[in-house]
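In the two assemblies presented below, chain A is common to both, partnered first by chain B and then by chain C.
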Partner chain A sequence: MIARAFIGLSFALAVWLGSAGRALATDDYTLPFYDPSISLSYGVDRDPRSCYQRDWANALWADCNPHYGRVYDGHTGMDYPMPLLSPIASARHGTVIDLFEGFGTQQFGINGNYVLVSHADGRRTLYYHLAQNGARVAVGQTVSAGQWIADSGCSGQCYGAHLHFEMRAVVSGRWTSADPIFEQRFTTNPGRVPFLASYLRESNSGTEVIKRYTTVTHWVEFVNAGGRTWRNSINVGRVLLGTWNPPTRDSAFGASDWPSSWVATNVDQASVPPGSVGRFTFGLHAESPPGAYDESFNVLSNSLRWFDWSRLGSFHVPITVITNTRFDDP
Partner chain B sequence: MSVRHRTAHGGRTRLRAAVPVLIVVSLASLSGAQIAHADPPPPAQTMTAAQARGSGSAVNVINHSEQGGRVLELQLPYPRISAVGLPAGEQGRRAAARYLDDASNGAVAIADGIGDPHAGLLVTFPDGSQAHTALAGVAGAAFAADGSWLAAVDGSGRLWRIEATTGAASQLASGPYTGSISFTRAGELLLVEASSIEAPFPSVVVRFNPRSRRSVLVDHEEGFVFSAAELTDASVAVTAHVFGGGVEVRRVTDNSSERLASLDPRAIDASLSDDGSRIAYSAAGSVFLHDVASGSTKRLGPGEMPRVAHDGGSLLVLRNGQTALLAADGRELDQFATATVGWASCEGRCQP
Partner chain C sequence: MSWIGRGVALLLLALATFGCGLPSEAGRSSGAAPSPITTRPSSSTAATDAVSPSEAGHTPSHLASTLPAGFPVMPGADPSRLPDDASVVARWTVPVVGSAAYDFYVKALPEAGLTIVGTYPSERAALIRFRDPGGRIWQLLAELVGDRTQVTVQTDRP
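Up next, the complex of A and B:
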């Protein structure tokens, strides 16, 4: 009887917390990986009862069977199938408070490798089933949202390589599993890669002809094809346009409006939701001798993670510098 | 139900940390016991020795008298899991069945497919007869003192009572528990209870009374407990990853908790002698033996899954899918062609 009351109370609490989470949706976490092809296999079971399963969309199954793409009974995290040794990213700025990496990369058993990160909102995120010696961080280290913190594996109770990502929050003095999808902590749909873009158009899709010692303004637009809102602030979601091939290369065409020698600009708009168009406007200043050039750019998030350049449309600007008769010999 | 406060290693009182843990365990254990009827028992079947031979499932159990005690070598009919694609170190762990425990009447419990959710628990008797329980993903099992039944944890962390002769299962508690399971001399079960079976920490050690189905907390430290075992002085040795730090073995009694040893931060598969004076473990593909009294640690060479003899004088080690018997100084004393080799745990009370 006591136990029934406990279960009922837990269920009511879970529902209430879920509701509160929806109301407090903050879009303050990012998905813990980079690969656009990765999608969710199983999410959090928000129904504490045995053989009752409720997923992030409130769909309910009164059975014990796993429901691929949605949920399995009693699951406390989110499973993302991915190849062994895939990069794992911190879901938010935080501090690494614990890790273990002694189990074999594919060592089956109850226990596995993990990294545990504490965040300023009082929550913790757990990255589990990691590779042996797969932590790329140390306990006490501060990490940024999107930072590569570990390599994936299949240690522990793992029937196929995947990341078990879990968000934990304190409820009534106890660490409890939370569902970031239901709580809208990600803007993304389940499994949708957070940062992805596709080329739409630009101010001049042909060759930019620049008179030497002068500056032209160029803009390019990309569709936000990922799951997260792009922002031009310094917080989670900041999206920049940087030089590419190789990345972070000092550009010979940097203009005075560039934030740095390799960053052409932040996204123009304060907020670009998924599906919307973001514009990047920047100057191109020619100091180079007359001739033909080609400047490649790529988009990156949080100053850390580059987008998939080929999916972006392999964006580059052909440039022809011509003589400026005012300063150059004809 | 009763719970006991203890002093953490190092003498610091950690009541602030202890209180929520105590509450969690009390409720979780209680709920586990009460809702045990929710899960249907797995099917069971028995086979005579002739039927086992005829079906190709007979298990040959060979007794070896070795330095350190009696060693059981299990010769199994075939691997349940394909080893294709598995790294070499994992083939020995997963491709074969696993010896779990033996009883005073000569029965041997085997998990017949690690990592195979369709496998189960096999009990084979000296006369060749068998009882098989389709307990999915057996994580651990231990015989009761009289050998009439076993306590077993399945892949979902549920605790079951298995009748040895029939294989019939009845659920004792829903847990979740990890695979560390053993009986104390008082007839209680020593279990590691976790918050989640896929990510099993924080976790705590509990004593579970199979008759009342009630749990008592053994150690309030919140951590990542790998295993627990009762020592000869009735204290409990707890091997755990310390939050934010390395791996420790603690000795927990009714009144105290003291650190026996700090191991390599990557240490796994720790195994203790009966008195806790020697601790073997593996880390990064090597096997180490730690002497508690001197505090010294010796690397014994490559290998994994060390299992120390009752007296701590020798140990079994898995090497390339086979088993080696090593002396405490690392000398190889014997070799076995299979991975399914273990110390007879009924040592001193086994039937001849």
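Up next, the complex of A and C:
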């Protein structure tokens, strides 16, 4: 019994030691862009020595050469290649404390355009090489996780259009660059873009046949394929289903349970973590004359960012309104 | 061949390619996008108007025999010493800074029949991995050296 307890204690100690310096992956930070096809160009060099490079997986190179997809010597952030003017997202809820946007979008030089955000955990995130006048926020503004805060560029010390994303933390009284991958600061591992979903199923994947002046209930399920938890409270990052093509269009099929003329519903569950399934249930009320119709919907986060509609299976509901003999003239 | 030998070969190529009436790019702004000058590995595969090393009166140089066929060299290229690194096959500098060299090669390599398999921009340098028609993977590294961009072509490595 004592031996088993000792083994268990040893195992727990080993696990604790193995995780020292790492944070548990919680609903913490996400990748600072929306395009899931973007991959890392170079990560943080965790070895302070010149011409020694250690990446997030503890791989070590004793040279000065850049190692694509991993690290280059002395690098303090994470470089993500992306076309000029790509949307940049805040990696976490926070407050904008500094920005600069006077450089040309592709102007080479020591300085460049950036946005600096302070977070409640005491860390800061830096978004660098932005486009000229590319900031979509102001100093002092509160931003939500996943909020579109800037457009990318190649300003400053930049070889090829990319975003330099850097996380800073105070260590021993000094601001020091941190490695979010090594510290598992992203909600998912590997990190995912903040908001992304894929279509799973719906209550009726065919045509909803609605008798005029009546309401049917429809639901659709999407997998949370992004890095942020979906919530249904407006105070903590609400995710909702709204009309699409064009967005925020007043629907002719809005039912009494719709929060507004273009919002069909918030996500049903209070919390839908990454990898889980979120359901959206809403009524469809037919006032329109008998005929064939089609209603498109898309998911919107925080009232700020629409999801990639194509990944939602271009979600739409074909509707056929039929005569209600009780009310319609024969 | 030593780095001196390869450097001489590169110099000969540069002279042959750029020294025959082609305008210098020295005055070009950093943001400009110069058009490519295509190298030819041998006279038998020559198909452009550019002057090849063989036409300049030299045996096809080490450079021409090691660079992928049709590899585009930026105008204004000045040869540089090769490092003591067998994986490096060519190195030169061009009178641009920032993304100009990277942007040039992202466009010019595919046009030359060389398939880009990965792009890795950063603050310090930009690396492009590309595949030649024979399936071999190469790397092109563009980095700031002084007030110019140094371009290095090397065999693939992690």
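Some notes on this structure:
The rule is short, and it goes like this: the second predicted complex is superposed on the first by the 267 of 330 C-alpha atoms of A that agree within 3 Å, B and C clash if a C-alpha of one lies under 4 Å from a C-alpha of the other, contacts with A are read in each partner's own complex, and residues count from 1 in each chain.
Keep in mind that, in the parts below, a residue touches a chain if its C-beta (ideal position, glycine included) is under 8 Å from a C-beta of that chain, and two chains touch if they have at least 3 such contacts.
This is a predicted model, so every value here is computed, not measured.
By the document's definition of touching, of the two partners only chain B reaches A:50; chain C does not.
In the overlay built on the shared chain, the residue A:327 is in contact with neither chain B nor chain C. Contacts of A:75 after superposition on the shared chain: both chain B and chain C are touched. Applying the stated contact rule after C-alpha superposition, one finds that A:159 touches each of chain B and chain C. Using the contact criterion defined above for the overlaid structures, shared-chain residue A:66 touches chain C, although it does not reach chain B. After overlaying the two complexes on the shared chain, residue contacts for A:213 are found with neither chain B nor chain C.
Of the two partner chains, both chain B and chain C are touched by A:108.
Set against each other, chain B and chain C differ in how many residues of chain A they touch, and the higher count belongs to B. Overlap of the chain B and chain C interfaces on chain A comprises residues 74-75, 106-108, 156-157, 159, 164.
Of all residues in chain A, those touching chain C in their complex are 41-42, 65-70, 72-75, 79, 81, 106-108, 129, 154, 156-162, 164.
Chain A contributes residues 2-4, 6-7, 50-51, 74-77, 97-98, 100-112, 114, 126, 128, 132-133, 139-140, 156-157, 159, 164, 166, 173-175, 177 to its touches with chain B in the complex. Within the complex, the chain B residues that touch chain A are 19-20, 23-24, 27, 30-31, 33-35, 38-39, 86-87, 89-90, 93-94, 114-115, 117, 137, 139, 155-156, 174, 178-179, 194-200, 202, 224, 226, 241, 243-245, 247, 264-268, 283-284.
Interface residues of chain C, counted against chain A in their complex, comprise 30-31, 97-99, 102-103, 106, 118-127, 129, 139, 141-144, 157-158.
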